[in-house]
Every structure is written in C-alpha cells, then in structure tokens.
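Okay, so here's the structure we're looking at.
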Amino acid sequence: MKKNYRFLIIFIVIAFITAFKAGKEKVPIEEVDMAIGTGVDLENNNEYSLPICVYLFKANSIESDVKVGKSLSIGDTRENRQLKNDKPFVLGGERVHIYSEDFCRSGVRNDMDILFNNPQVVGTPYCLVCKGKSEDIFKTKIKGYDSPVDFIEGLAKNLINNIFFEDNYKLIDMFAKIDSEGRNVSLPYIEIKDDRIQVTGEALFKSDKMVAKINVDEAKWMNILLQGNARGILTIQNTPKKYVNMEAHAKTKTKCLKEEGKYKFIINVDITADRIADEIYKDTALFSKPDTQKKLEGDLSSLVEKNCYDFIKKMQNDYKVDCLELGRVAAAKYGRDTGQDWNDVVSKSDIKVNVKVHLDKLGRGGY
Amino acid sequence: MNILEEKTLQERINIIREGMGNAQNIVVKNIIIGNEEPLEAAILYVNALADKDIIDRDILAPLMLYVKEDLHNKMDLSSYVCKKYIAMSNTVVEKDINKVMDAAKRGRTIVFLDNEEDYIVADTIDGIYRGVEEPQNESVIRGSKEGFTENIETNISMIRRRVKDENLKVDIFTVGRRSQTDLAVIYIGDIADKDIVNNIEKKIKNIDVDMIPAGNYIQQFIEEKVYTVFPQMYTTERPDVVEAKIMEGRIAIIIENTPIVITAPTVIEEFFQTMDDYAQRTTVATFYRVLRLTAIFITITLPSIYLTFLRFNPELIPIKLYVPIVQSRIGIALSPFLEILSMELIIEFLREGGLRLPSKIAQTMSVVGGIIIGDTAVKSKIVSPSTVLVIGITVVASFLIPNHDMSLGIRILRFPMLVLANLMGILGIGIGWLIILVELCSTDSFGVPYLQFKKGDMKDIFVRAPLFEMNNRPEAIPNDNPVRQTDFREKSRRK
Amino acid sequence: MDKKANNLLTNTQFAFIIVGAIAGIAMLSLPRDVVEAAKQDGWISVAIASIYPIYIVLLAGYISKKFPNDNILAVSKKCFGNMFGSIFNFLYLIQYIIYLTSVTAAFSNIYRTFVVDFMSNIKVIAIVIAISLYIASKNIKEIGRISEIIFYVSILVVIVPVFSLEKTNILNILPVFGTGAKNILKGSLKTLTAYSNAEIIFLIYPFLGDKKNVRKFGLIGVLIVTFIYTWNVFVTIFYLGPDITVKRIWPYMTPAGSVPIPILNNFIFLFMFSWCFVAFRSLALHGFAIQCISSSLYSKFSSKKFLIAIYPILLVITYYLYPNEIAARNITGIMIPIFVIYNLIYATVIAILVRFKLS
C-alpha cells in the first residue's frame, strides 16, 4: 500500500503543477519581437515617444522595422506600442540605446529608472545621444546592413581605440556614473550628416541632464584627460603640408591635493606614441641628430598640454561641469558624502596637467 | 546404512536416475571388470554434457580391458580403482548421493562398483560452448581481445591466469531451484573487506527463485535500491577489467551460462572509465576523460537548456545566434516542447530498433532513419534545423558513456529534465539536477556510498594521473591493504 | 573507509553543513543593507560581524565536550526540566519555521523577478518547500554528502565575480575606514541577520564522528562563510561603488551577471542555475532542523510523517506572511534580531548552567 501512496502523491503534485495556469503566458521565440535597439524621444516637452527597432524575419531575408509607442509616461508607451503590434515585446537583447538631445536636456532619470528596474535589461547596450529624433535614426536605411542598429553598434564599438574613447558608455556605466559621487556621464553624439550617420562630438551631462555638446576636437582632449587608457591620433601641424601624425596611447593618472581649503588636481598624462607620418622631422634628422627626438617629444607634449589647458579653461568657465571625474578622486581621498557639489568645486579649483611623451614605434621608414 | 549396503548395483543406478528426473539422455553402461572373477560395474553419464571420447578412452578402456587382477576383496576398492585403473586426471570418491547427482548433471561420469557404497566421480565435462571471442559490446583499442564465455570454468580460469596470487579466493554457490545455476564469487582474500564479502554471500544464499537465465538477474536480486536508474553493480564482459577491479578490493560474481561478470561494490566514477584510459598516455587519457564528463552533462541538459532559451528566456541567447535560430523557426508547425520531444522519441526509436535488427537491415535503417527522416522532417517544416542539430549533438554525446547500463540510465534522465524545463524554465533544470544529485547521494552500493570524492582518489576521477603515481588503492572501496605500488621509478632515475 | 554507522559525519561534511546553513539566500541582498549603513567600508563590517557565529561555535564546542551525544534539545531538558525545556525547544522550532519560510519567500521573489516571471508565487513556493522537505527527510549522512557536493558547486557562484573585476575601480573602495567606526558597527549589526543560522551546530554536533573536532571544524565552517560574505560585499562595492549598491535590491547580481562569457548573453543564467543549489541546501538544512526538533518534542511522530503534515502549514505561512519582498524584509528585519538575541542568551545560559550545575 505504501508504494501506491507514493505514486498517488507524485501524481497529485504533477497535476497541481500543470493544472493551474497562473502567471504570464509565455510564447515561443519566433512569436516574440525582441528589441534590438531602443530610443527615447521627447516631444513638446511632455510626450514621450519610444521607438523600438526590431527584426522582421522572412523566410530568406531579414528586414528591420521601427515600432513607436507614445504616451505621457515611459511605462505607458509599452501599452500604446502594443496596440499597434501583433507580437509581444521582449527587452534584453538590445544593442544600442539612443537618446534624443531634447530628452537629454530635460533629464534622463525617468528612463534610467525604468531600465534599471527591469531585470531583463543587462546593461550591455551602447548609449548614444542623437540630434533630432532617434526615430529618424532608426528609420534610416543603410546599404549592406539589415538594420541601422548593426551599423550604429559597430560605430560605437569602434570609437574605442580611435578617438581616445574608452569602453565606458554602455548602459551599465551610465547607471554607475549618474549618481556616483564625483562622476558625470559623457556620451558620444551622433547625427545624420550627408546622408550618413556620424559621430560628431560628445555630450556632457551634469547629473542626469545634458548641458553641453562638445565637438570632436575638444572631445579628443577631454578623453585624453578623462580616460585612464586610450588610443587615438595626435597631429602636430604648422602648415597644410608640414605635419606629423602620431598614433598615441595615453595613460592618465590623477592626483588630488587640498591646500588651504582649496582643491588642487594634478593630472599626469603618459603618452606612448607611434609615428604614422612625418613631414617635419624626417628620418634622417631623427636618426642622426639625437635631440630631434627630444624636440619631437617636446613639441607633442606641449601641443597636448596647450590643448588640454584650453579645454580645461573652457570646462571651468563655460560648461562648469566636472566631466573629468576629478571629484571622484577627491572624494576617495578626502571623504565621501560631505555634501559638496563637485562640479562647483572643480570649476573653481586649480588643475595642472603634466604630459610626458615617449616615442615607441617608427613604422617602416619615412619617405 | 545397512539398507544401502544391501542395494544392488541396479538399484543404486535407479535411485540416481530417478533423482535426476529419469531424463532421456542419461546413459548407463554396465561393464564387467576383471578376467577371472568378474566384478560388476556401471557408468552413468548425461549425453552431450560429458565427453564421450574421454569416457571411452580413459574410463571404459582401462576398466574393461586392462584389469588383470582380482578386485573382489580389496579394501577401499573405489579409491584403488581410481588410483590404478581410471587413467584420468580428476577423479573423486563421493559418498553423498546429492553431490553425486549434482556432479552427474554437470557432465561428470559416475562409476558404480558392485558391493561398494561410494561412487567414483570422474570429471568428463565437455559440451559445445562458444569459444573465447572479442566482447561485442565493450571493445577497446589497446587491450586484450578476450571476453568471457558462458562456461563458468573457462571464465574462472581466465581470471586465474591473470591473478596468480595465492590469496585469490573462489567460492562456489548454486542458485536457482530448478536451474541450479553455478555461481562463483571471486575476491582477493587479503584485500577485499570481509564484511562486504559476507554481506554479498549471504544475499546470494538467500536467493530463492526458479531460474537465473541472465547474469543481471542476480544484480537485480541483490541490489538495494531498485527504482533508481543508476546501476549499483558494474557489469562487464572483459577479464582485464575484472582483474583490475578485484585488485582494488571489489568482489566479482561469475554466473554460469552468461558471459557477464558483475562486480560490487561500485562507485559512480567507475562507469565513466574505460580500459583504454589506462592504456594510453597520461595527457591523452586526461583529455578524453574530461571530454567524457562534459558529454554526460550535455546529454542530460542540452535539450532542456535549448528549450528554456526558446520558450522562456529569449533575451539570454547571444545576439549572433538569435537571428539564425529565429529565422529557422519561422513557420514551424509544432511548439518547441513538442518538437524536441518528438525528435527525441524518433531517435530513441531508431536506436532501440537498431539494436536487434539483423545487420543487413540495420544499414538500411540507419540511412532511412538518420538521413531521410531528419532531412525530410526539416524540409516539411515539422521541426527546425537547429533543433535537429541540438538533438544530434545530444545523441552523439550519449555515445561517449562506456558502460551500457549507465548510458541507458542517463539517456532516460533526459526526458524528465525536459518536462521540468518546460514547466519551470531554468528553475526546472536546477531542480532536476538537484534531484539527481540527491538520488546519487542517497544511493549506497552494499554499504559503500555511491558518490564519493575522496582526496586520494582525485588522481583518477577527472584526470588520469600517471600510473606510477597511483600508489594506493582507491579509498572509496573499503579494503584491508592500501598499498599497491611503491615508488619504483626513483630507483631507476639517473642520479 | 566509510563503514561507520549511517549517522556519522566526517569532519569536512560537518564544516560544510555549517557553511550551508549560514550562507543561504542572504548573500544576494546583504550588500545593500550593509552599504546603507557603512558605505564603502561595508566589507569590514561583515568581517567584524562574524564574531557572532564564532561565539556560537565556541559555545557549542564547550557544550559538546560535556554532553557529546546529546544535542541541545536534550541538554535543555536536562537543564530546565522537562516542561521548560520543551517550551524553549518549541521556540527554537518557531525560529526555524520562520527561517525556512523567509528563505523560501526570498527565493521565490528572486527567481520570479529574474528568470521565471511566468510562474505565480504559490507555485514556486509549493515546489520549493516540497523539494526541500524531501531532501530534509533523509539521513544526516546523506545530507552531509549533499552539502559537501553542493559546496563545490557553489564555489562557482562565489568565484565568478572575479572575472568581472576589470570593470572595477579601486576608487570605489577608498577611503578605507572613511565612514568611521560607529557606522561600521552599525553595518555589523545589520549583517548579524545574515549570519543568523549558526545555531544548527547545536543540533548536529552529536552526529559528528570525531567528537573532538566540533570546535575546530565548526570554526573552519564559520571562517569559510565569513570569507564568502566578505568577498561578496567587497566585490559588489568594488564594482558598483557605494552609491549604486544601495539602489539595487539584490546588488550581488550585478557583478555576477556581467561576467563576459563567450556563449551566453549574460551570466545570469548559469548563476541562477548554481544559486538554486545553494538555496536548496540551506532550505533542506532548515527542514532537517525542524524535523530534528519536532522529533524530540513529540517522539511518537515519525519524522517523515511530520514533514508531510507540516508541509501545508509552511505553505500557508509563506504565502500569507510574505506577499512580496517588502513584507519579507520587514518581517525578517524585526524577527531575526529577536532570534539572534534569544539565541545568544539561551546558549550562554545553557553553557553557564552546564558548567556549574551539571559538570
């Protein structure tokens, strides 16, 4: 009899598990729309419009489609979008997250909140700011790509190692940076120019609102100062024909001192440069006269210093944002949660930049 | 006793004949021994179990032709006849009529001498048995190609050839009321643990059934946990495997009429080791062992993981796989669970059917089954190509498990795991593995825990350490004599 | 040589049982509570708070020396007489019921948030409690083996965040000791609830084969748990920084989930899979404790029938008492400090009585 009871219990348990249908219905994967790119737009300062880019699968080809939901709050746009769509949405696979500039200027906190709360969102999409509406970016057709999202993802990925960007503008980094003490967000800025999507600068945020857009030239110097480990190209150019291109690898360390209640920051930039093209100091000079190398290095370092100081001045006077995360270093040394506004403090403090350049590889030989 | 003495020769023969059921192939030949004062005698044997050549040449010929003396009043006539006239190597004088009947049933010849109350039992066992061949279900690349046969004496001799230690003990039992099958329990006396030996022998003595047609019946009779899928005794057809196992303190059970030898106690690591591992080099063997362990995990879990991805958690699929999988699933008729289940069942049909087909049909079946069904199932949009791929990988992985019983058990585990994954997603897979672990942990094989990871044994579980480092017997099996090797390489190292 | 009686544990199994009982579901939410009080020095608070389980282990070692074969229930009956002893044991039982139900509720919430959001609360709770009671109904020897094996699986869970270290930043930890001793101690108080199940050692020390080793291996178990927790909180702060850690309800998921691995999109899948084992191990140990205590209270009951009888009670308690994570944390936040104080006083009183009255 005991054995019969055992099977009876197992049967009851299994019946219980399968019988009650509670909870959300789950559909299999081919009937689900997985978002590959999401965007946030703000219209008329009060209506949120969230386009989502998905794949349309046909038997032999893939296309991309944009589905938009509009409502007065971000969560409600899901319902609005679902009214126009035949498949349920699933987040978690998106690769690109694009904000429109208007939305950024009014504060991204709402979007951060809903994304942060969603357990399926992992934090790997790249975040970018776009000019105009992200919906337009998603609707652009790019030759050779199923969907603009693939293109933009590649675009964002390859900023690294090219303009002194470092890989910290993913969603997870945004989460970490927005509210951390002494840190501020800076995202690449894209726009549609000449019928192509291009990166035209960097967007600077103060807490969760965007305050400035800097163009690519300034972004370069900011990134050299900000990132700890970045690569890009530096050019010394006097005339259109005479210039030196160096591929540089910049490592930065920041120190903080406090003197008489005022903060002083010392940024040490250590650049290892590879020569790409050289019209000023030719090979003959470099190899024969020993101090040509020193001159090259000295020129390069003074170029970097000058530009960095220019940028810092602009940062302290115009933008008034601690986009170099100096506040973080200060908080680490002198205590957190002291209630100071680091943006303010950094704008008033004394920043010094020391640049050291080493020449590493010379390439095959100059012409 | 007086009664027995008075029996005539004929009566004695009849008693034995009836005790053996008066079978038709019992042959009795009456002979006369001696020239001057003839002595009546008779021999009894079972046709086709006894070797007639030996009987004719070594028993009948000397007794009938070469006895030239008077045997009537000799003392101890039976032993005298054995020693002088029966020119055979194995003769015994028996008094117990039951033992005599047992011996006759096994092919020995009984010699009855008139006026004697004991019997001469001569070993003339023969019969046509299958010869020693390569075992078909367990082949290795580098190892002996001998396999056990159905003849228990041959099997025991194969082991004796390999273990010439004087402590090798062979205990013989008879099991089965009507079949009276012989059973030999073999172990090395100073290594194996006495409690376990006694336990097993007691259980064997308590078996009370009609017949033992296959060796695995014994396994099921004396195992403790009957409903689990994991076998608690190891079966093999190879004598070199048995040799290795006895040396580690295990006990081997050889059963007559089966080429299968069972060893006990077992721990789970044994089921994933083959003789080839030890015949190859260390690095190579380690790699293949790790591969085998991965294959086990894949066999049980891969379809369930795939199902979970498809059904519940599409956001976990890596991006580059997402597009191909979804594209291949457009327009598929079945839901993922049914799709996977149906393909699994078809593969099981193919495998189970192919086991017993004659070899000519088996080839056709593999073409039809594997290629045609698989291909057309995909083309007719019943299943998707990625599902077929996943199932194929699982099936191939299940071929890596060396032991047949264990591989059957593990294959079965796939199905409940699939059902659990369908109900509960990842939680189901976790619960499934947990239940498997709990079952393994609570299984004992004759008092020895099934799942063990002793520190000293680590050399042989996930990796295969060089042979000269395995100095102690594995600690998992209780034994009395832990050292099996010494560090002999040190002696031959150059200074 | 495992021929010993079926009821004895080896030394390592003993240590792993203690690890299993303490390191349960609290690991995931621990960083949040601690960092709220102690900011970036949370990991120091965690290390300090291990004094509580060490104290319990030392007490257990002492009591086991005097009464090597009686667990604390029998000892308390000897100390306080049958009636009072039984009342105290009953309070013990309530404690374990609350542990079991709160861990089940937390487990259900975590899994339903992250991976199985299509299941309803009652289903998950029913299955979880059923399985943990099934495991709890086995012999102590089997539970010891299971704990040992699950420990090796759970190392995966603990070691994994190492691979996400590249996203960490030393600045998140500095300044060390910056928050001041008072806050660090406040953080320690909050982590006491996470260490709160060391008392299982009182119930299982009679099962240890080698009775002299209660203290040594108990301490080894506690040290392993301390290391795991400290490492856990340290990595979380290292990765997220103290400001963000308090925003997540289960902060440990973030460094664990962002480990880059080649095949899967994120690591959460594997993490959830291995976490399941850890959670069930601790649930099974709670269940075992319930069975142990109840079998000493009502010796007429066979323990397995009792487990079947208590299953619906546990189900009802979990479902109604912990409808969501907030209620769960409120209740545990109130009750567990009470239990901690009760255990401290109870164990100390028994130790004193053992020393003076009965030695």
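In this document, chain identifiers A, B and C correspond to the written order of the chains, with residue numbering beginning at 1 in each.
Here is the rule we use: a residue touches a chain if its C-beta (ideal position, glycine included) is under 8 Å from a C-beta of that chain, and two chains touch if they have at least 3 such contacts.
No experiment lies behind these values; they were computed from the predicted model shown.
Enquirer: Quick one: most central chain, C-alpha centroids?
Expert: C
Enquirer: By number of C-beta pairs in contact, which chain pair leads?
Expert: B-C
Enquirer: How many angstrom lie between the CA centroids of chain B and chain C, rounded to a whole number?
Expert: For chain B versus chain C, the centre distance works out to 46 Å.
Enquirer: Measuring centre to centre with CA averages, how many angstrom lie between chain A and chain B?
Expert: So the centre of chain A lies 66 Å away from the centre of chain B.
Enquirer: Express in whole angstrom the distance between the two chain centres, defined as the mean CA positions of chain A and chain C.
Expert: The separation of the two C-alpha centroids amounts to 41 Å.
Enquirer: Can you list the chain C residues in contact with two or more other chains?
Expert: Counting only residues that touch two or more other chains, chain C contributes 118-119, 127, 265-266, 268.
Enquirer: Please set out, as single numbers or ranges, the residues of chain B touching at least two other chains.
Expert: Residues 312, 315-317, 319.
Enquirer: Please set out, as single numbers or ranges, the residues of chain A touching at least two other chains.
Expert: 17, 26, 92-93, 122
Enquirer: Using the touch definition from the top, list the residues of chain A that touch chain B in their complex.
Expert: Touching chain B from chain A are residues 17-18, 26, 28-30, 32, 34, 36, 55, 57-59, 62, 90-93, 95, 120, 122.
Enquirer: Enumerate the contact residues on chain A facing chain C in the complex.
Expert: 13, 16-17, 20, 22-26, 92-93, 116, 119, 122-124, 172, 175-176, 179-181, 328-329, 332-337
Enquirer: Any idea which chain B residues touch chain C in the complex?
Expert: 193, 195, 312-313, 315-319, 424-427, 429-431, 433-435, 437-438, 441-442, 447-449, 451-453, 475-476, 478
Enquirer: Per the contact definition, I'd like the list of chain C residues that touch chain B in the complex.
Expert: For chain C paired with chain B, touching residues are 1-3, 111, 115-116, 118-119, 124, 127, 131, 134-135, 138-139, 142, 145-146, 148-150, 152, 263-266, 268-269, 272-277, 280.
Enquirer: Please output the residues of chain B touching chain A within their complex, sorted ascending.
Expert: These residues of chain B touch chain A: 309-312, 314-317, 319, 322-323, 325-327, 329-332, 335-336, 423.
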